[in-house]
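Only one structure is covered here, and it is reproduced in the block below.
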Amino acid sequence: RSGEMAKLTQLIDNDVFRAYATYTTIVLLKMMLMSLVTAYFRMTRKAFVNPEDTASFGKGESAKKYLRTDPDVERVRRGHLNDLENIVPFLGIGLLYALSGPELYTALLHFRIFAGARIAHTFAYLIPLPQPGRALSWAVGYAVTISMAYKVLTTALYL
Amino acid sequence: RSGEMAKLTQLIDNDVFRAYATYTTIVLLKMMLMSLVTAYFRMTRKAFVNPEDTASFGKGESAKKYLRTDPDVERVRRGHLNDLENIVPFLGIGLLYALSGPELYTALLHFRIFAGARIAHTFAYLIPLPQPGRALSWAVGYAVTISMAYKVLTTALYL
Amino acid sequence: RSGEMAKLTQLIDNDVFRAYATYTTIVLLKMMLMSLVTAYFRMTRKAFVNPEDTASFGKGESAKKYLRTDPDVERVRRGHLNDLENIVPFLGIGLLYALSGPELYTALLHFRIFAGARIAHTFAYLIPLPQPGRALSWAVGYAVTISMAYKVLTTALYL
């Protein structure tokens, strides 16, 4: 079985694939960070959605008042959902793009701009920056994904 | 390193994998389109959720009235979330299915029906079509994914 | 082309990759189950969100009263979204981890604990269990994903 493992390792040894692995892990970790930011705001703003989450604040009405929405919590949640909507396409299309044999330089350019755009988008959403800051950072990540999709379809199209 | 790249390219040269790459890219692009449709409805219906998005409409109360929900915007957002809930399983299970050595004809049948069902689901949701139009298109995509999961588990099961 | 197919099959023949395929399919199927639970609660609680979904209950006001939110439906939907937020990172980081050449024993430990944690999280959310039941099951899955991300970045880092 060591022969098979060697072949698997070759995939992770390929520079384009390593770059994909690196930037995909970075943007997924960044997305996971949104869960911690949501939890932080829920606890500091005392704004919860599940009755069992407020049980430590006492029983009945004294705990019930913490079952409410908070603008900061909702803002982080919208940023998190926007990550899902944009990082899922990157995850899938980026993998296929990495396997479609792009030049290393071109691939790195795509991955770096996408990761930078999504990190910028998070800052633009959470600070928040005035528009079109958030719109532009979103559009850049979107355009990079479309560009990779174009490469995948022109390389691999089989309908 | 050209030897490694050649091996990578073999993956994208495999017909089943090319079909997976093609249909996955199509359904992910379709899902990404939902972001544009949401933005279109937010702007034409003037229904926003972030205060910074309405700043161009003026200050204070004149802009605040555009911070509201709109039925058309919410409908597109539900369609988008339904895409996420169903296309993420296709992305993962479909990849493993493509690597599990299915017949090309069978694989194409799965991928084509899934993509068709998700496109039909979007039309059924946005027009909207009377039920059970949307329910049926959802169920067809769901059943295709279950069928691929069955093939993956019978081929690769290692608990 | 049978040579290429053989190479593809070697991927699914690798024990670590087979384990990844198995547990990924299991957690994705578990996530898909949330759609059925949502539909079940929507129908038994008669709580719908789309007007076309209540058409079978009659016309006008008699059907309109079923366009409402229900605590049980909303609970399942939150569990479903939490699945998306946590299983998407597992899908991507887990794949890269499986390709980074981990020991079979270590890989199985990661995959089994993650799958167990997510199944426990679903029960904790839907029953619901008192906290910190849900928080702990969430944190365990989160920590496993971070551990896999660490392995990927130390093996494949290419910035």
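When the chains are written out, they are named A, B and C in that same order, and each has its own residue count from 1.
Please note the rule applied: a contact is a pair of C-beta atoms (placed from the backbone, for glycine too) under 8 Å apart; a residue touches a chain by one contact, two chains touch by 3 or more.
Because the structure is predicted, anything quoted here is derived from the model rather than measured.
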Same-residue or different-residue interface between subunit A and subunit B, half as cut-off: different
Equivalent-chain rotation between subunit C and subunit A, CA atoms, steps of 5 degrees: 120
Subunit A and subunit B, separation of their C-alpha mean positions in angstrom: 16
Junction residues of subunit A, two or more chains touched: 7, 11, 15, 17, 81, 84, 88, 91, 95
Residue ranges of subunit A touching subunit C (in the complex, touch as defined): 1, 4-5, 7-9, 11-12, 15, 17-19, 21-22, 24-25, 28-29, 31-32, 34-35, 49-50, 52-53, 55-56, 80-81, 84, 87-88, 91, 95
In the complex with subunit B, residue positions of subunit A that touch it: 7, 10-11, 13-17, 75, 78, 81, 84-86, 88-89, 91-93, 95-96, 99-101, 128-131, 134, 138, 142, 145-146, 149, 152-153, 155-159
